[in-house]
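Got some structures for you, see below.
One chain, subunit A, appears in both complexes that follow, with subunit B as partner in the first and subunit C in the second.
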Partner chain A sequence: MIFDTPAGTNPTDRMKVLGKPLDRYEGHLKTTGTATYAYEWQDVAPGFAYGYILGAAIARGRITSIDTRDAERAPGVIGVVTYLNAGKPGVGKFYVQKMLAAPEVDHYHQPVAVVVAETFEQARAAAGLVRVDYQRTAGRFDLAAQNGSAPVPPEGEFGGPNEKRVGDFARAFAAAPVKVDETYTVPDQAHAMMEPHASIAKWDGDRVTCWTSIQQMNWGTRDLGLILGIPKQNVHLISPYIGGGFGGKGTVQIDLALAAIAARVVKRPVKIALQRPIMFNTTIHRPKTIQRVQLGAGRDGRLTAIGHDSLSGNLVGGRTEPTVTSTRTLYAGANRLTRMRLATLDLAEGNAMRAPGEAPGLMALEIAMDELAEKLKMDPIELRVVNDTQVDPENPDKPFSTRAFVRCLREGAQRFHWDKRRSTPSAVREGQWLIGMGMAGAIRGGKIAKAGARARLDRTGVVTIETDMTDIGTGSYTVVQQTAAEMMGVAPDRIVVKLGDSTFPETPGSGGQQGAPSVTAGVYAACTKLRETVAQRLGFNTADVDFADGHVHSGNRSVKLADAAKDGDIVVEDLMEFAKLADQFQQQTFGAHFAEVAVDAYTGEVRVRRMLAVCAAGRILNAKTARSQVIGGMVMGVGAALMEDMAIDKRFGFFVNHDLAGYEVPVHADIPHLDAFFIDEVDPTISPVKAKGVGELGLTGVAPAIANAIYNATGVRVREYPITLEKHLDRLPALA
Partner chain B sequence: MGSETFQLSRREMLMSSATTAAVSSFASETAEAAPPVKAVPTYKVAMTVNGASQTLTLDPRTTLLDALREHLHLTGTKKGCDHGQCGACTVIVNGERINACLSLAVQHQGDAVTTIEGLGTPERLHPMQAAFVKHDGYQCGYCTPGQICSAVSVLEEIKRGIPSHAQADLMAAPKPTGAEMRERMSGNICRCGAYSNIVDAMADVAGARA
Partner chain C sequence: MKSFTYERATTPADAAGIVASNPGARFLGGGTNLLDLMKLEIETPTHLVDVQDLKLDRIEPTEAGGLRIGAFVTNTALASDERVRRDYGVLSRAIVAGASGQLRNKATTAGNLLQRTRCPYFYDTNQPCNKRKPGSGCAAIGGYSRQLAVIGSSDACIATYPGDMAVAMRVLDATVETVRADGKTRSIPIGSFHTLPGDTPERDNALDHGELITAVTLPRPVGGTHVYRKVRDRASYAFALVSVAAIVQRDGSGRAAFGGVAHRPWRVEAAEAAMPRGAVEMSNAVFADARPTDDNAFKIPLATRTLAAVLAEVKP
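== the complex of A and B ==
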């Protein structure tokens, strides 16, 4: 099907199953430890061996020699894979990192060898016997050192133009009566998903089958094919359960590439899970950004000039962190200049992490808006309201498809009791605690992409949906189940969902919060075809049938759905493609985040006491799992605001805190009860299902809301994330 | 910047290489043809796992976690960090929760181990498992078995009166309050951020409010 005109009424509008807070489809498996993750398949690859990766001990230079003899003679060792016997691994299309040091070393912990042995313990021990000599060269590890010199790179495939001008920013900013001109830094951040990247690889001739943990099957087959030098049709990937990703498992990482390469070398199936301490320096991360935001406004608060200049760094060929994305669309303002510069760094690759661009970009912009509101003596919500726009600020001919931003702000203000906030900083105290409230706006692209699905009706009336969509904790299984049940007019328990297999119809997978809208549109297409086929089989006029209560109805006639398959299963496949509407409409999701913090006046410690998110993301497909997506984003936002920071050793060029003890993420004790509320809306320009994603929206805007609450509590503005106590302790107000 | 070669002291080299197994400057200090490493002897260990007797012959370097996952194929217990930093491998041994990655299997001769598979099955959920489903106390599911084993143990610890940092009065009997549960659950990381729902699930089981 092609979707190129806004959707009218269709079966998904019944909302008998869609929208309901159904428990997760796979809940009983996940809570009993019986969902099988990549490393856990027992019988699929008889005779498998264990691989263990040895990472480079230098950040930049080259291997001058590798002595693997002792490792090869160690008990249980089957083989040692290095660049000398690995063939010449290619590079995929999304990540630029090289999977093996060959012999150049591009970053610390880049894989140097894979030791393959009969047991994990033997492989790990033997890895300690590989002796590597390196020649070290100086590397570039300090982003700030290149702040003056880094160029504006050519536009890449993702992230939009690296420089965009509207009107005359310089003149308007100079003339503005009220201005903010500040620089903010967001550090390198790690995905730190709970399941380490893991893969089992098994070859049959020139075809490879891998049980792995990646978010996008279609990118995975493409990239593994390129890395191995085989056609993507020869790659079969299976990822039904994924222990978190957040962008860090977008496509092929070293576990998958090296399991496949090692299996080819030792001629046995090989399984590899990345040991946690090498993940931080050898997979991707969200790269650090240094962002200068310049806002110019009239005394009425209306923005006349918006400038956002951002610097990030990456390996050669790597992408720019697209921090200005939100700045281009969130607020009105006639004169605009957004620019992104890119430095070269010899650290692990920077790449997509949950809401790439928008999350770190809003961490800067939304503090700047708070600073502007204070200068204007305006309420921060009112400042945002007066700068609302219903058209794309860069292109006034392009309206937003839906834009409930002001409703999010107003609804949130009421629910959070924003009227209790004192606009004067440091005005509320409870004993040793300084109390503050803050808020921030949120925007995240409402993307959608071509997606397919296969639907099978059997004689018992069960409908089985197969698609290569993945569920990384997002709830894909459940929203697919609900969409199919709604379309076919059956109870949810009549639906079987199979995901995460690259032989199933293609979807964009889990990324860019486009998974749920895309796959449900694909399921809509497949179920529409199934309905037509069923109606024909049963001799109905296809234009006038209703699927409800497990039956097909038309006029006075009513037949069991299952009867359509009594002579054999009905199998159909279709896909939804999208045209025109994304050009006609600016499709975005919106939100408002609110936080109340307490700052210990003696120690500077910050405790988050209350948080609320109000989100507008089109139709909410499952009220329970959508809320979980949003509160999960809020937790990650607490981490970004208060603790997450990959600390760089600038002498030796690596992330020092490369494990889950050193890289701090929020734990239970850091998180209060969280509230999330959804604005009731549908977006008929997105798809027939009228739903947009929420997973990344839930993160964008959280950290600056907390930062603004801290300022409201203390009167000390910290512009360098994370806001750890030493950054404001010496400036905290004196205790009476 | 440029291509100057660093001159490293031996101490600096050690620092830079501390986390990898191979250190270049020692290559020349190692005997050219070092004898191959001897095979590691195996040991027998007998324990009860989820009520069933198990006897395993193991490399002594095998952790309890890997014994469960790789030898008994009880993969419900998850490996998140292998260093006691995340809690995904939490199991209950002789009634106490532990990180299975931090102890060797051979230390558990005669012990009674309960894993997530021993608490309930998809057909017969433990009340805590059912509460996690109801309150959506999980997303990707990878930390979930550890969270549930911890949650079951935490409520038991509170019942047994084991004190915690969250109590105002250490001598008073602890109660399953939100603060108490959050404090005691903080060794189990959930990167998907289901904490608020997990505490709701625990409160439901404890018959209390989060």
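== the complex of A and C ==
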């Protein structure tokens, strides 16, 4: 099925099942501990052995010798895999990191060996017996040191051009009567998901089957094939449950690559889970950015000049962090200059983390807007309203498909009681607490990509949907179930959903908040085909049948859906493909985030008191799982605002706080009352289901809303995330 | 983790004897710190002597009118004891400010005193660390030192003692009771229990190898208002950037010890006379010899301001 014109009325508009706050399809498995996560499969690969990864002790240089003899003689050890016997692993298409130091070491903790043993404890103990000598070379670890010299790289596959100009930014900025010109930094951040990366790999001839934890099956088979030097058709990935990913499990990481490589070397199935302390320096992370934002406005608040220059760093061949993405689309303004520069760093690879680009980009832009509002003596919401646009500001011929940004702002202002905010900073005090309110706008691409699904109707009337979509804790199972139930006119309990198997029809998986819209469109296509087949089997004229209440109705005739399969299951498969509506319409999701904070006037500690998100993302497929996505994003935004920071040792070149004691994320006590509200809208240009994703929208804009609230509380502007207490302590009220 | 052997001791002297005779042996209490360190091969004992059967798990009154806390009273039991909550509130508050409910259920009084530093370089066995590997150097000096010591440190080590409970015990003038292999006991004032790193940062405390903590005694209650104020980057389940354990009397006199600033709970008795004159004057005296790093210099004004918050809180 090809989607090439905006959707008209179709069965998903009935909203009998879609949109409802249905409980998670697989929720009972997770709450009872019976959902099988990657590391927990017991009987799929008899005779499996355990692999343990030894990470490099230096950041840059080369291995001069590896002595594995003691490790090989240790109890239970089956083999030790190093670059000397691993073959020559390839590199996938999305990540540039090399899976083994061979013998060059590109970054700290890069794997130098995998010790394979009968038990986990034996493998871990033997890893301590591998002796590696290194020759260190100087590395580049300090992003700021390259701020003057880092070039604008050629355009890559994602993120658009690295430099774009509209109008004459320099002249307009120089002429603007009111200006902001400030630099903001967002540190390296870790995904820090609950479930560590884990995989089991089992070979059968030249084919490999892997039980793993990976968000995108199609990228996973492609990349593992490239790494192993086998056709992707020979790779089978199984990943039905994922304990959090946030982009950190987009495609093949070292657990999967090295489990497969080690299994090939030792000729046994091998299971590897990454130990937490090496995850921070080996897997991908959100790279640090240094962002200069220049805003010029007239006295009426209208932006005349928008400049955003962003520096990030990466391994050689790595991509830029696309922080200026949202600056290109969020506000009107005739003169614009956005630019991304890229330094070379010898740290672990920077790559996708939830809302790559938009999340860190808005952390800068939306503080700058707050600063501009203050200079203009305008309410920050009004400043955003006057700069609203219904067309792509870089491309005025391209309207937004839907843009309820102003409604989000207005609705949020009312619900949050924004009118109680004092515009003068540091004006509200309750005992030792300085109280402030802040807000920020949010925008995140409403992407969609081709997705397939298979639908099977059996004689009991059960419809089984199979796709290679994954559920990373988001609700994919449930929205697939709801879409199929709505399309087929059956109760949700008549739907069986099977996800996370690369042999199922292809989807883009979980990433870029395109999973839910894409897979539900694929399910729409497959169910449309199933409806046609059913109608034909039952002898209906396919044009005017209605699927409802487990029956197929037309005119006076009504037949049980199950009857269509009484002579055998009906199995259909289809793929939803998208023509170029995305070229005609700027498809985005919007939001407004609000926060109230209390800052301890003595210690500078920040406590978030309440938060609200108002989001517009097309049709909301499930009110409960969508809300959970958004409030989960808000929690992550609290982390970004207040504590998350991968601290770099610039001498030795590594992230020092490489465990969950050192890299702090919010705990329950940090999270106050959270509200999420969705604007009622549909986007007929996106797909027949008219839904866009919300998973990343919930994060974008949260941290700057908190930062702006802190400023409103204290009168101290901090432009360096996270806003830990020492960054404003010396400017808080003096002790009496 | 290295392979090790394991046994359960039957008496305190027996336990002390086994460990004293084996340089590779260590006592095992709740295991909340030691087992993690063993998995990372930061600690590599060859033999563990489990002391959980020793029945040192009671809280009893002393003849002096104080309390004797058995070494293996859990943190949860100690913090929730009615006498502790009534007469030694700072101790109860300090304990519940630390770790999580699950950890406090398992952690013991003696083990809490012995928990090792959380310096990130101590935790990374690729890095030089004089505490983990004497003579290898200190990667923390000149490195990422935001959490580390601002006072009492040496050129060999800038680690901090990470706990909360001992900071309260320091302000309560607790005494650590021990037994050695020969059955001899000794009483170590809490102020000299934790050592400064000096040239021997591998030592955390005054215990000899094989010397077993049997109890912590608290002197008779001193009254006053008890406060434990812990400042950290998140609201719970994090080590202190700075903490203050304080007992303040109605007349404004009192005592205060600081956590998160040194290799041991930091208390300067001579500075306490300044408490009635306010936090700034007292803190200036407490931290007169501070030698912070660029990363952690903020801890000194933070300690002053936290003390000020405490004094404001208790003001009648």
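Methods note: the second predicted complex is superposed on the first by the 733 of 736 C-alpha atoms of A that agree within 3 Å, B and C clash if a C-alpha of one lies under 4 Å from a C-alpha of the other, contacts with A are read in each partner's own complex, and residues count from 1 in each chain.
Please note the rule applied: contacts are C-beta pairs under 8 Å (C-beta built on N, C-alpha and C of every residue); 3 or more make two chains touch, one makes a residue touch a chain.
Nothing here was measured: the structure is a model prediction, and the numbers come from that model.
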Classify the contacts of A:Pro277 with the two partner chains as first (subunit B alone), second (subunit C alone), both, or neither. both
Is A:Val667 touching the first partner subunit B, the second partner subunit C, both, or neither of them? both
Comparing subunit B against subunit C, which has contacts with more of the residues in subunit A? B
Who does A:Arg607 touch here: subunit B (first), subunit C (second), both, or neither? second
According to the stated criteria, A:Met643 is in contact with first (subunit B), second (subunit C), both, or neither; which is it? second
Touching A:His658 in the superposition: subunit B (first), subunit C (second), both, neither? both
For A:Gln432, select first, second, both or neither according to whether it touches subunit B, subunit C, the two together, or no partner. second
Touched partner set for A:Ala57, first subunit B, second subunit C, both or neither: both
Touch check for A:Ala192: first (subunit B), second (subunit C), both, or neither? first
With both complexes overlaid on chain A, does A:Phe158 touch subunit B (first), subunit C (second), both or neither? neither
Which subunit A residues are contacted by subunit C in one complex and by subunit B in the other? 57-58, 75, 121, 124-125, 128, 277, 651-652, 658-659, 661, 666-669
Help me check something: in the complex, which residues belonging to subunit C touch subunit A? 1-3, 39-41, 118, 120-121, 123-124, 126-127, 139, 142-144, 146, 231-239, 241, 278-280, 298, 301-302, 304-306, 308-309, 312
Which residues, counting only subunit B, touch subunit A once they are in their complex? 1-6, 8, 12, 15-17, 19-24, 26-27, 30, 33-34, 36-40, 59, 61-62, 66, 69-70, 73-83, 85-86, 88, 115-117, 119-123, 125, 129-130, 132-134, 136, 138-145, 148, 166, 178, 181-183, 185-200, 210
Can you list the subunit A residues touching subunit B in their complex? 23-24, 26-37, 39-40, 42, 54-58, 65, 67, 69-70, 73-75, 109, 112, 119-122, 124-138, 140, 191-196, 241-246, 273, 275-277, 472-475, 624-625, 627-629, 631-636, 651-652, 654, 658-661, 665-669, 671-674
Can you check the complex and tell me which residues of subunit A touch subunit C? 57-58, 75, 121, 124-125, 128, 277, 432, 600, 602-605, 607, 642-643, 647-649, 651-652, 656-659, 661-662, 664, 666-670, 724-726, 729-730, 732, 735-736
